[in-house]
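Right after this note come the structures.
In the two assemblies presented below, subunit A is common to both, partnered first by subunit B and then by subunit C.
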Partner chain A sequence: MSFSMSVITDNWSIFASGFVATVIFCAISTVLGLLFSVPIALSQLSRTWWWRVPARVLVEIVRDTPFLVQVFVIYFVLPAMGVPMSSTAAGLLALSLYGAVYFSESIRGAILSVPKGQVDAARATGMSQSLALRKIVFPQMLGYALPPLGNQVIGLIKDSAVLSIIAVPELTMAFQNVLGTTFAAPEAFVTVAVLYWMLTAAVAFGMSRLERLTPTYRSTRQAVLLLAAADR
Partner chain B sequence: MTTSKPGRELNEMTTEPIVRVRNLEKHFGTLEVLKGINFEVKAGEKVCIMGPSGSGKSTLLRCLNFLEEPTGGMVFLDGVPVGYVEDANGTRRRDTEGNINRMRARMGMVFQSFNLWTHMTALANIVEAPVHVKGISRRAANEKAIGLLKLVGLEDKRDAYPVQLSGGQQQRIAIARALAMDPEIMLFDEPTSALDPELVGEVLSVISKLARDGITMIVVTHDIGFASAVADRIVFMDQGLVVEEAPPATFFRQPKNERTIQFLARMQDRSFQSG
Partner chain C sequence: MGLEWQYVDHALPFLLKGALVTLEVSSLAVLLGLLVGIVVTVARQSRFKALRAVVLAYISVVRGTPLFIQILIVYYALPALGLDLPRFESGVIALSLNSGAYISEMIRGGLTAIPRGQLDAAKAFGMPNGLSWRRIILPQVLFLILPPLTVEFTGLLKASALLSVIGLVELTRTAQRVIGETLRSPEVWLTTAAIYFVMCFVLGAITRRLEKFASAYRV
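After this line comes the complex of A and B, so read on.
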């Protein structure tokens, strides 16, 4: 089997623009997803059903159907219902919705991991619910939320390849274009795999760095150091 | 214990209760935890609530500052209903969140499991509520917090995280945190029950010091020695009701109610075994 570097070098600009598009797509969807995930998580934890039920329904619909089907629904069904959709807009919408729902489940779980006594203590000092959320629950929740969120951002990046089906000009689409003109499958496969891996590895590294900045990490690290010192 | 007004001109402090609990009921589903509690606490009074586990002591304490919403009856703070607004014909509706929060800020609470905010240092735990709830400046709050750390004997632990502190130290910080809001009443929910025996003393001595300073205190406790030394009155609860109320001397030496007598006998057995 021959492996020709020229396939990669000749088509570098196609790969590069696909890579950049994937980065931009995933970055926007991650940010939008995070923005919407917090209200979705809080709605699910709400005591009033007209907050809780719609949020639950949305989560179950998105979580329990294949991402590919969601992309089709957004790209083909919404325009049929009179909502104009370009492939780029449909791709962003689908990916952001995916992010919002999966992130919200991590955030909901993280909020539930904060011991109830922490909130009791906050409310007992006269803090309002929103103040207790901002000052006590959210900072503590971050430590619980970041590891699963990191996994889900990586999942979102990998699943963004599905958007090539509706011709969003991202990395997998670029790979298919190169494949279509050169028929050099091994070179194109390896290049696209390495590019995805670089992106997800960078995200994984960044998330582990972020984890160290959370208040929970810092305070528990003190405990670990203390135990290590006691062992000696 | 009288609700009549005539003695008012003699000494307002001792006749008008700061806390009045009227027919308080709390149900969790079909479980009736509180079945109609009545008692009063005067300003400056130290009241210890005792009773077997499951008698509703902690639930009662949590109803006082509306951490639990009572199913029936009412708590009054300085004559004002806690958590509800009552109109002329006696129907009640929930008070505004703002009013409930302001009411809570007037009562400091110390929990059995300390509940220090784990992501904050000792100093930050004490400063947080005064800055964000009362809106006082961070500098003033810090100064005050350092004074409180001295009061509880932990000025050298200001930058320690809760995980770095022993249970007794955590509880003393928790007391400082509650005091930082200048509460009119302190509520203690079994403040030493989660502590190793050798750490109980340091926490009780801080609470005793507060008692001598004259703040109103309601303490749920199993510690007979502490209760007899500090309390003006013991409120004994069993199965969701106040069964007996008396000054400690009377309560411990001449208990009247059969259930009180049984409880005290069991407590003495226990202290004999452990001592």
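After this line comes the complex of A and C, so read on.
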């Protein structure tokens, strides 16, 4: 068995475009997922059951079924119900849904990590529920939410490889194309693994930087100062 | 929308049989993964720098690359190295190599929860090091990591759907076969999703029970 660099250099453009596609798909799904995760998390914490129950059901369904099966359901079942689906659209939808649900669990956990007494105190000083949420809970929540969110973004990137099964043109698909034309397993495997590894390492590094930037208000004194500032 | 559920009556026995294979493959994988995790944890504390470097590289690669790629590597690349494995075995190996890296992190977390004084106390009684690990430390660690271990098992159960790609006839592959026969894809996919849901939901309930036990034990 020999390892020839030419397999990698000759097919570099295929790998590169697959890599770019994976980055774009994951970026879009992360943004969409984050956007939808906050309402899902808040609905789950709602006091009214018609908000809480549907959100909980959605989260449980997504968490308790394999991502691959979700992809198949979106790709094969939705068209049968009259919703046209291309493989790329199905892939993006599945990945965004996955992101929204898993991110919402981190955000819900982070909201619950903020001591409840602080919201009570804010309400007692006359702040509205939504103002207390915006000024007291959300700023503190970030510190708690970022570490698990980082792991979930990395999970999302890794699970995006599954989309190649419905022929979404991303990195794993590109890798399979190279594999099919060159029959050079080791080279292609090493290349695709290194590319994914670089991407996840870059995200991990970026998240650790971001974590350092977010302030964590943990002391009562700071919370009181924050309250006073919000009161003005 | 026209869903015709009579096709499900026909498909259900096959799907349940597939679900059994799914359970089989994932429980074997979590047990082997536990073994890999223990070995990795021990190797991480080895005196030999080279061994530590290898283990850290293994963890980094497993955690940094998609499981799907890892499954393909075990199935397609290992035969090129002269190691030809049947589907079931290579599926179990791919899953357990993957979960071993994560389980070793759990074990490390569990170890930090056990006071170092217990080892000293055992030593004071004249217990040899190996015995105190076997009798005192490991049983407690295993008890503590039982809840995250069931979470890992649930994760593997879902991940084993990927083994359909290498042709292992578990639940997802069975669904594809049934669809090939009946040509009724929506009903079969929804039923398949429901079977996975029930299995994972039950495991989730068990996890919550175990968490209660473990937290009562921790005090």
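Keep this in mind: the second predicted complex is superposed on the first by the 216 of 232 C-alpha atoms of A that agree within 3 Å, B and C clash if a C-alpha of one lies under 4 Å from a C-alpha of the other, contacts with A are read in each partner's own complex, and residues count from 1 in each chain.
In this section, a contact is a pair of C-beta atoms (placed from the backbone, for glycine too) under 8 Å apart; a residue touches a chain by one contact, two chains touch by 3 or more.
Because the structure is a prediction, the values reported are computed rather than measured.
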Q: Could you figure out whether subunit B or subunit C reaches more residues of subunit A?
A: C
Q) Does subunit B (first) or subunit C (second) touch A:24, or do both, or does neither? A) neither
Q) Should A:72 be classified as contacting the first partner (subunit B), the second (subunit C), both, or neither? A) second
(Q) For A:139, using the defined touch cut-off, is the partner it touches subunit B, subunit C, both, or neither? Pick first, second, both or neither. (A) first
Q. Which of the two partners, first being subunit B and second being subunit C, lies in contact with A:124: first, second, both, or neither?
A. first
Q.
Quick one: is A:162 in contact with subunit B, with subunit C, with both, or with neither? Answer first, second, both or neither.
A. second
Q | Parts of subunit A lying in touch with subunit B, wherever the complex brings them together | A | 115, 117-118, 120-129, 131, 135-136, 139-140, 143, 215-216, 218-220, 222-223, 226
Q.
Per the contact definition, I'd like the list of subunit B residues that touch subunit A in the complex.
A. 65, 67, 97-98, 101-109, 111, 113, 115-120, 128-129, 132-133, 161-164, 174, 177-178, 181
**Q.** List of subunit C residues in touch with subunit A within their complex
**A.** 1-3, 60-61, 63-69, 72-73, 76-77, 80-81, 154, 158-162, 164-165, 172, 175, 185-186, 189-190, 192-193, 196-197, 200-201, 204
Q. Across the complex, what residues on subunit A touch subunit C?
A. 1, 60-61, 63-70, 72-73, 76-77, 80-82, 157-162, 164-165, 172, 175, 179, 185-186, 189, 192-193, 196-197, 200-201
